[in-house]
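Next come two complexes built around subunit A: one with subunit B, the other with subunit C.
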Partner chain A sequence: MTTASAELGRARFTLRREPMFPLWSIFGVAAVVAILATYPLYGTEYVMNLLGMFVCFSIFALSISLIWGFAGILSLGQAIYFGMGAYFIALSLKLSYAAENPTRYGGTIPDYMEWNGLTEVPAIMAPLMHIEVAIVCLLFFPTLLAFIFGVITFKRHIYGVYCAVITLAEALILQEFIIEYQAYTGGFNGITDYETYNNMYFLWVILAVAVLLFGTSRLLTHSRIGTVLKSVRDNDVRAEFNGYEVANYRIFVFCFASMMAAIAGGLYAAWMGIVSHLDTGPILSIEGVIWAAVGGRATVIGPFIGTFLVKGAEFFLSQQLAWAWQLVMGLLFIFVVKFMPEGIMGTIGKSIAMGRQRRAYAESQDAYQSGPMAVVARLRAAFTDGNRGFMDNLLGRSGRRD
Partner chain B sequence: MKINRRRFLKTAALTGTAAAFPYFYTQKFAKAEESDEIKVGILHSLSGTIAIIERSLHNAELMAIEEINAAGGVMGGKKLVPVVEDPQSVVRVFRQKAKKLLLQDKVVAVLGCYTSASRQSVLPEFENNNGILLYPTLYEAQECSYNCFYTGAVPNQQLDDFAPWVIDKFGPRHYLIGANYIYPKETNREWKALLDNFGGETVAEEYAPLGHTEFATNINKIASLQPDVVFSTLVGDQIVAFYKQFKQFGITAEDIPICTPITTEQEIKGMGPEYALGHYTSFNYFQSVDSPENADFVSRYKATYGEDEVTNAVMEAAYFQTYFLAQALDKTGSTDADALITEGLPGQEFQAPQGKVKIDEKNHHTYLWARIGQAREDGQFDIVWKSEDWIRPDPWVDLLYPDRDCDFTDPRVIERIKSGDRDRSGTIEI
Partner chain C sequence: MGDAVLTQFFSGFSLVAILIIAALGLAVIFGVAGVINMAHGEFIMVGAYVASVVQSGLGGNTFWSIPICFVAVGLLGLVVERTVIRGLYDRPLETLLATWGVSLILIVVIKMIFGTELHYVGSPEMLQGGFPAPGNLPFPWYRLFLILLSILLLIATFVLFFRTKFGLAVRAVRRNRSMSEAMGINTARVDMLIFAYGSGLAGVAGAVLAPIKTVSPTMGFPYAVDSFMVLVLGGVGNLMGVPVGAAIIGEGETILAFLFNSVIGKLLVFLLIVLVIRIVPRGIFGYQERTLGHRR
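The block that comes next holds the complex of A and B.
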């Protein structure tokens, strides 16, 4: 038994940091993106439409996962930001559509404005007609709102259930506001009938944005900030004692997640061609929480899996079992909550981690210390062990970073 | 190595499932074309907030399809096959299910939607894919799409005769209450214009948020203002809550009658007949209409769906619009959408439970009868007034929009639709 291999065994057994982008994740993401991106070539338009929507929703679920799974903020009003993004884009497309098609509504303003007695687009909304303005608004205002909310909530140490209740109330308020000010928002009927971007190229745009946001989230959660966030989630008092300004971390991740939700909303509006008050309210918010929970809230890829699984099952079951699909969905949720409290990816990740530990233990028990198996073990370590460099692993050097 | 294999299997199974998902999903829909069947989409919510009323429309349409098939089908023996979808009372899902029916199932037409919100959400889909929607609900009008046929009432068919009758019978001072969305607002606009015309006046006009069911302040106000009539355009659960609280406050129909173009037998069944007793509704159809077709319709419906069921005006329209479609298919002998829209459906007549009805040749709306009913102890209506003839639908009400009309036979509209413009409305300035 050499010193190096003994160290190898011990190091693997004691502390292990996942690499930022494990090999399997890169291949997995590439495969999924390739399937989705080429789907329109061999698939049907209807399913393409669903897939695009699922991707938008998965970004939304990711934003919930970031604040809930990684920072311990349970928001039941995340659809506020999704809805804001969606409304900015929908309004913009609707205004330009009305202006370009004067015969459609007998005027150059959207139909719902005319019904509500407006004769021209209100000055404050007119600039939205340019899509660039709408995109800037989409990036700026939801983030600003999240910042204001974060400052008045997290700085006052309001967390947990109270935070959930406040966000829920906010979602209800925004929903009521949209229904009430129907001359500007389309009210209960929502905004529909505008130029929709429902084609393969826009699907690629959605996918590109999704990959970017999922990648950024992975970077964020596996950086130093991510580690601090997890410690804040697990024990905020102790994190504070250790000298971290807990509220600032929470505000930061909340703003980031809200901007992400707004982007998801904007893509959704352009893709679907319809936005209504339901897209800003508590129901969508809670649905998002479910998607994140089913997929695995403390993982980055979990929300994607969860959204596709739950929404896919919903659409599949509602046409196969129109009479009982809600019952089946309910049972599915109970099953997941009961047997996989960490969600699907959380549970898988846990069992993999346990398997690794067991394996590392076996290795430390001299199983792979010498002979041909040691080479295999080192090769594998080189690709999977983020604790040490590639060459360190291969040569069995210690080279620990932590 | 054992662990390694297990891990490999797990990963492979997961990736395989993920990769196969779209394939299975597509396969699911790849059904063989059956030439002796014609698919018809049924798009009404079977779950969610508006499921109660929409389920009755769904039932009426399925019953009509069964009857048509039993009588030998359409186009010389082909069967109508319903493709049922549940849009869950959510407009987004309405839109997606409409897309599915049009693109996957390639249905010849869709019978569907109840609220204006859902109709507006699916219309772009029908226009982009040149589908046909038959829409059975009364609605606020001011719309006419090439790809939609409206078999429910528009305001001029429910209000034009109702307003003078109410003013004449009860008096000119009206209190207007409605739900805060487009249908009540537009209806009230028309009602106020009619009041102006016939010498009435509005003492107050108030809107309650949708879903709001607490009316104490409104009823207090009614009690202090003492209007001659309450004109209500509340919808859904609000109707039940308002009638109940109105009676519990101590105002009876003899003191101040509630007049409305919305409350049907369905809502009265929901609240209990004692609360609606004596109040008035204007509609094209009531279950108590005395005609052989209606007696037949009601008994068949009860036999199929249960003795406790009541029929209502919207489901009557859902029922006869299915026949419109069947007759149009017979007439054109093809399932081509443009043939059905330009030749098949316009001008189609049917002896419906409410009387003879007809789709207007020009504007895609339907000639209907007007009736005024007073609610009885048994939850049915006494029909106290009936129009002498069917009433022509006018989607752009003359009183409010004198210089607009809807006419699909106008050369400008034909040109617009031929040119492939995304704008497929039949609205013109005259």
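The block that comes next holds the complex of A and C.
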């Protein structure tokens, strides 16, 4: 038998724990995935191309929301990792394509290398020809770079604005590097003309990876680590005083997110069939930030919604008026930052949580008015509540005399 | 070899001067108001376009366009501050995103008014040509003018900060915002005027950059990033951070670009900056805040 007080105690003092994967979310994700996966059967190829691209960008935006929304690190260079992954895969596909299809001059090396006077593939790049090597590189090197960056900066409590500025410069330098060393990277035009994986089966691969990463992120952010990360985001000094090694949590999530961005980049390269310096630069990084911000940066589903909305609107609008898009984008930035800092999903989630809280409060008030606790509560209020008179409190009157 | 490096050393002075002029406005805004103005590069760009209008429309040269750009871009900064940044002062990362939105809008507006073609602005006649300098190349008068102007602007900012009553208020706000508010300083007004002053300096940078660079809607962004790096390296705790940071970055990039190439030069300077802030996280002239609150 549960007494009313025990009931009350549970209602008031137990933290309501969200289920890791609520049933409705599983059904929702399954429905969306089913629609996207079967789209090639009845839709146009143009839209299928866009869908695959949007999902890749959504994974990228998810990586940004993990580090920014959950850990409070604003990186304006997350496209570095996206671009690294994209270049690894594109290089690999290009090398194997060139080996099988000789160029006009009979060479078996990528055409852009030939144009730039190379006679053979540099020894350091040759192993990339095997896609397995490229995938291992894609998983390893971006994570390593993120780890080194994290150790250098987070261990010295460099984050916030300074971190944003440094990562921005990093992205700009990588972009210039790629343009400068065109014999190896394809330069300004990037790498293209290789065998692309642009069909329904690869769309399934992309979707499977997206669902996997989505689930992993949800697991991560709703586990104990996720709770610590949120506390680090909200007040790092206090988290440190509570005995958490703040920098290590930050380094961990930064590495994880960077690997995720690299995976998104690799899928993107295989899907799109072209990779250029724009895919590593500050512009894409900042666009990713706005996708995450619009959808809701402190949610896991938000980046997907934000990317589909903003990127979809971009494709729709830029067909009509190319210049208008940039204007809309600028206004959107200001609007989201000033009036909707939580993003779409964050705002919805907040209002749901507030409604739940209000209901719980109303229920607890009911318990006060009828149950055995009511007498105790009134007695206590009679001695402590200075706003109403002693008798008013005891008898439960409003106490307003007018 | 040594002679050539010496020549590069002297020509690097002009880059240092440009960096000082570009970063000074940013340092003032970031140091006092705590706002990351991502639109700074676009303010420079607007300044350059105003300079081109001054030249083609009014027939004035750079000496005319400097004060005009200062006022025009300063007013633009005032408007941006009142409409966008107001209310975001306690959220520095958000100001970064909002001002990025401002920069996108400015680029579109400039494209709509002036088109996408490049504009050319001539330098004043009396500053054309050069004088013999150590090394082989003559040293252009215009570069000397840039160096003198950067020193002049530094001195002007020092005087504003340390010899006027407004500067006293500015320094108080920078040290302790809530305390200075309690002492009766109108901090909102200080923020607003400082933002306008910093934007005006960006306008001056645009005016003097226009004759030596091609003027295009997207010219500003690299300057903004370089200016940010100057602040990160030099620190914003002290105005001396700007010339010191600009000197290291400007000279480093020029000499390393000569020895290797420009990208390697930038990369090495970037690594140097990361190393330096690894040792002094707030920059060379940064001060450690005494509060233990939320660090930014």
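Assume the second predicted complex is superposed on the first by the 327 of 402 C-alpha atoms of A that agree within 3 Å, B and C clash if a C-alpha of one lies under 4 Å from a C-alpha of the other, contacts with A are read in each partner's own complex, and residues count from 1 in each chain.
Criterion: a residue touches a chain if its C-beta (ideal position, glycine included) is under 8 Å from a C-beta of that chain, and two chains touch if they have at least 3 such contacts.
Since the model is a prediction, treat every value here as computed from it, not as a measurement.
Asks: Identify the partner contact of A:Thr227: answer first if only subunit B is touched, second if only subunit C is, both if each is, neither if none is.
Replies: Once the two structures are laid over each other on A, A:Thr227 reaches no partner at all.
Asks: Should A:Glu176 be classified as contacting the first partner (subunit B), the second (subunit C), both, or neither?
Replies: Both partners.
Asks: Mind working out whether A:Ala164 is in touch with subunit B, subunit C, both or neither, as first, second, both or neither?
Replies: So A:Ala164 only meets subunit C here.
Asks: For A:Pro341 in the superposed arrangement: first (subunit B), second (subunit C), both or neither?
Replies: second
Asks: Could you look at A:Gly273 and tell me whether it touches subunit B, subunit C, both or neither (first, second, both, neither)?
Replies: Only subunit B is touched by A:Gly273; subunit C is not.
Asks: Does subunit B (first) or subunit C (second) touch A:Gln326, or do both, or does neither?
Replies: Both partners, subunit B and subunit C.
Asks: In this superposed model, does subunit C or subunit B come into contact with more residues of subunit A?
Replies: Result: the larger residue contact count on subunit A belongs to B.
Asks: Identify the partner contact of A:Gly355: answer first if only subunit B is touched, second if only subunit C is, both if each is, neither if none is.
Replies: first
Asks: Return first, second, both or neither, reflecting whether A:Glu45 touches subunit B, subunit C, both chains, or no partner chain.
Replies: first
Asks: In the superposed arrangement, what residues of subunit A touch both subunit B and subunit C?
Replies: Subunit A residues touching both partners: 176, 180, 323, 326.
Asks: Contact residues on subunit B for subunit A in the complex?
Replies: For this pair, the touching residues of subunit B are 3, 6-7, 10-11, 14-15, 18-19, 21-22, 25-26, 28-29, 46-47, 84-86, 88, 90-92, 95-96, 99-100, 103-104, 116-117, 120-121, 123-124, 140, 142, 180-182, 185-186, 209-210, 404, 416, 421-423, 425, 427, 429.
Asks: Going by the contact rule set out above, which residues of subunit A touch subunit B in the complex?
Replies: Residues of subunit A touching subunit B: 24, 28, 31-32, 35-36, 39, 42-47, 49-51, 53, 101, 103-106, 112, 115-116, 176, 179-180, 182, 187-190, 192-193, 195-196, 272-274, 276, 278-279, 308, 312, 315-316, 318-319, 322-323, 325-326, 348, 352, 355, 358-359.
Asks: Which bits of subunit C are touching subunit A when the two form their complex?
Replies: 30, 36, 84, 87-88, 91-94, 96-98, 100-105, 107-108, 111-112, 221-222, 225, 228-229, 231-232, 261-263, 266-267, 270, 273-274, 277-278, 281, 292-296
Asks: What residues of subunit A sit close enough to touch subunit C in their complex?
Replies: These residues of subunit A touch subunit C: 74, 152-153, 156-162, 164-166, 168-170, 172-173, 176-177, 180-181, 235-237, 282, 286, 289-290, 293, 323, 326-327, 329-334, 336-338, 341.
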